[in-house]
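As structure tokens, here come the structures.
In the two complexes below, chain A is the common chain; its partner is chain B in one and chain C in the other.
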Partner chain A sequence: MKAVVETRDLTKRFGNNYALSGLTMTVPRGHIVGFLGRNGSGKTTTIKILLDVIRRTSGEATVLGEPTGSVAIRRRIGFLGEDKRLYSYMTVREMIAFTRPFFPTWRIETETRLLADFELPLSRKVSALSKGMRTKLGLLLNLCRHSELLILDEPSEGLDPVMAEQMLQNLVRQAADGTTIFFSSHQVAEVEQISDHIIAIEKGRVIFEGSLDHLRQRFRRVNLVFDDPPPPEAFRRDGVDRVIAQGRTISILASRNVDEIAELGPLLAAKSVDVQSVGLKELFLEKLKGDHANS
Partner chain B sequence: MLIRLNPSSGVPIYLQIVEQIRHSIEIGALVEGDQLPAIRTLAEELVVSPNTVVKAYDDLEQEGLIRLRHGAGAYVEKGNLAKSRLRRFQEASVVVKETVRKLRSMGLSDDESRRLFEAEWIEEAAAR
Partner chain C sequence: MPIRKVWRESRWRFFFILAALLLITCASVFYNAKAEKVVIESKDFHEAGIRTIRGALFLFWGFSAMFLGLGGFLRERAVGTVDYTLSLPISRTRWFLYRSLNGALQSMAAALIPALAVPVMAALFGGDYPVGDAFLLGLRLGLGGMLFYSIGLLASTLFAGDFTSAGIGIALVFAVNNSTRVIESLRRLNLQDAIIPIYVIDPPYLIRGQMPWNGIAFSLALSLALSAWAWKVTVARDF
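Moving on to the complex of A and B:
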């Protein structure tokens, strides 16, 4: 089984608003998958449906090959969300001792290492922990489990840069041990750094997904400068995603046939031809604009 | 071995790793028999997905620059390829150095030069 999460035409309606409107995506096994989207794009709603915290309105969703909601599945998934699911009246030590027996895959050596790395105060009450400490504790409880799938909802939210880096490093380490990581974020930079697969959503729908390396290799921006620019329609062809005309410059975002598009330059008497790679941030912003232009 | 990544450059990260390890071999910073970091070690160090490092090492092995021994890590290969590349590389770097100096003396910014180079390659490709 190659996919750990699959959804098809997933919708979720809250009153008259659709939080998800036909979300179809695949989370491949053994990858670090970044779930990228702006605030309010439907990331948390999707995750809540996968965890069976809320019910979908229509469509299909499977996790680890089973329909969402199966109890057996929930023990195989780790989850870290905004609500860290901690008991405020317990100490850090009690919280760990309480959680450990639920999970046969719990690794003591991970617990020991993370306790040292995270510098968690063992005898402090959870209620007296800072926000960052709570995140670290929640992360520790999940990482020790070595689950098949670890889902994180905006894990770096509220962490300082050092802690965020430490968290990302631990996700990488966990992935090396075979856990599939699925994490949501609105920060392009961190998604771009550690993911090898991206699912980007907007308005409850996927705007692009795939291997990050593949996306980077596929998309190019071609800038052409003319004395007398031809109309943008001259560039409407296979592989062209967006054409922007700005004075003498025509800027084209292309996902295929880049060579052919660049060759239009000399053919149409361009003064200069310039092909640039496109970073994830630019791609995401362009796709957002495209999405708004279409709707 | 020092690898510096620029995740937002638009160049695939595995390619950045391939290029920098290749470069290290070409300039002699890595020599035959040197051991490269284990996949998980390098992934953690660079904070990138382990799959990305696997892909980079696979590419380097296909090029004949390194050899992967199952469970024993990756080693820099001898390979004639690396040697002849090294010579070509050294010759080319002299040309590049001179060209860069000349372009700068003409008052071009590095960015402008880079764009000129890329435009030239495209036109070449179009002419072919």
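Moving on to the complex of A and C:
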């Protein structure tokens, strides 16, 4: 698996607060990678370090095999920020004319197609564009580059559902064209909709990562109902991420040894044993709870 | 491309400052010419011209040059465009270079153009002021006073917020100018004297003899040092 982004023990400290505390992750090439995390979990800080807008406190980070800060790699990447802020004093035409010469792989035919699709008013100033229009312009400025990597920070933030859907579909089309998409979001549904690889973070650390299919196959919830429940510790073993005892029910989230846990139920006099697959939202929430319980 | 961006971001501020300085210069020449009726009669605008350039223009240009130094990545962070700018394939050093050169040239123009308005004003009154003198004085003002511009450049890289950096810049310009007037040991460093020495204002109020290039060179060196500091901060800090 070739990586387009790699971080190892990445930390970022603002005063006494750690925004990132030992973030180690890999963004594989050719995938749509959802960077999932709550507000304030460190997603934007990570992206800003990758773009060299802010500097890491310690650790390592590479983009397209080069250390962050390399001007050359910025010719090969695109970026769309959360606010989609562009130069307010320029018109749409000027914004495109300003950005185009920086990128040798810029495709005029894509520019023409997207201008028609997005119905962008060329002579309107950026300051007079709605957030939806600014997003379209930002997307156009990035998609025309045909870059190897496109980084987006909360791309659907503040967009209406129609616009958000249009944007996601454009990302899927771009990925099909060979661009790796790395986008942050706190909305599990949109991450699950288009991503095929997930990196979830909390408090500046990865809480789980992997391909979406693999995560879905790997994690299982085992629900056991007892007349007289045994202590939760009876289920603690390798692969068990979380054990919740609630009345007569014990619910176990496990990534390994699922069969062993399920077989343990009858041995401990369980009245019923139910093994279920786990959705991304459930997994994310469970991992968050687990992370909070551990901290 | 990048130079176009820095020009677009600063041009209205520059035009406003230039218009204000031209207005101040013309008003000052007019006032000085009217105050000295003999000037009107003799058509000799030498004194009115030198008083304007050394007085009103020097004072207002100093603050204007400081304002022309403001801007940069901290300003872009405030309006939300810094992420986009820094994601483009241009190094921070190049952005800084374009911005500082653009501002320095604007400061120079803001010194030269109003200074050259003095002979124009004199001609309008039917009098005379040497264009060569006006050009040289404007050039010296622009070069020697580059320190004021560098103060603005540095303040805008150290302090976020337009008002904070402008306020600190104004205070520093005042401090630099007044300390060299009040403190005896610093008198030799006074920019007004370094740029337009006191001896040129004796009649006939024209440039005579050797100008104090050492003072101008010292001011320029200090200005370069402040600019280098601003560059170091720009390259190193988080946005």
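The definition used in the following text is that the second predicted complex is superposed on the first by the 291 of 295 C-alpha atoms of A that agree within 3 Å, B and C clash if a C-alpha of one lies under 4 Å from a C-alpha of the other, contacts with A are read in each partner's own complex, and residues count from 1 in each chain.
The rule we apply is simple: contacts are C-beta pairs under 8 Å (C-beta built on N, C-alpha and C of every residue); 3 or more make two chains touch, one makes a residue touch a chain.
Since the model is a prediction, treat every value here as computed from it, not as a measurement.
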item	value
Clash-or-fit label for the pair chain B, chain C on chain A	fit
Per-residue touch tally on chain A - higher for chain B or for chain C	B
Touched partner set for A:Thr7, first chain B, second chain C, both or neither	neither
Contacts of A:Ser147 with chain B and chain C, given as first, second, both or neither	neither
Which of chain B and chain C A:Ser41 touches, first, second, both or neither	neither
Which superposed partner A:Val53 touches (first chain B, second chain C, both, neither)	second
Inter-chain angle, chain B to chain C through the CA centre of chain A, in degrees rounded to a multiple of 10	150
Partner chain(s) touched by A:Thr179 [first = chain B, second = chain C, both, neither]	neither
Nearest-approach distance, in Å, of chain C Cα atoms to those of chain B in the combined model	25
Chain B partner contacts - residues on chain A that touch it in the complex	30-32, 165, 168-169, 172-173, 175-176, 188-189, 192-196, 212-213, 216-217, 259, 262-263, 265-266, 272-282
Of chain B, residues touching chain A in the complex	5, 7-15, 39-40, 43-44, 47-52, 55, 115, 118-119, 122-123, 125-127
Touching residues on chain C, where the partner in the complex is chain A	1, 4-5, 8-9, 79-84, 86-91, 236, 238-239
Of chain A, residues touching chain C in the complex	48, 51-55, 71-72, 74-75, 77-79, 81, 83, 85-90, 98-99, 101-103, 153
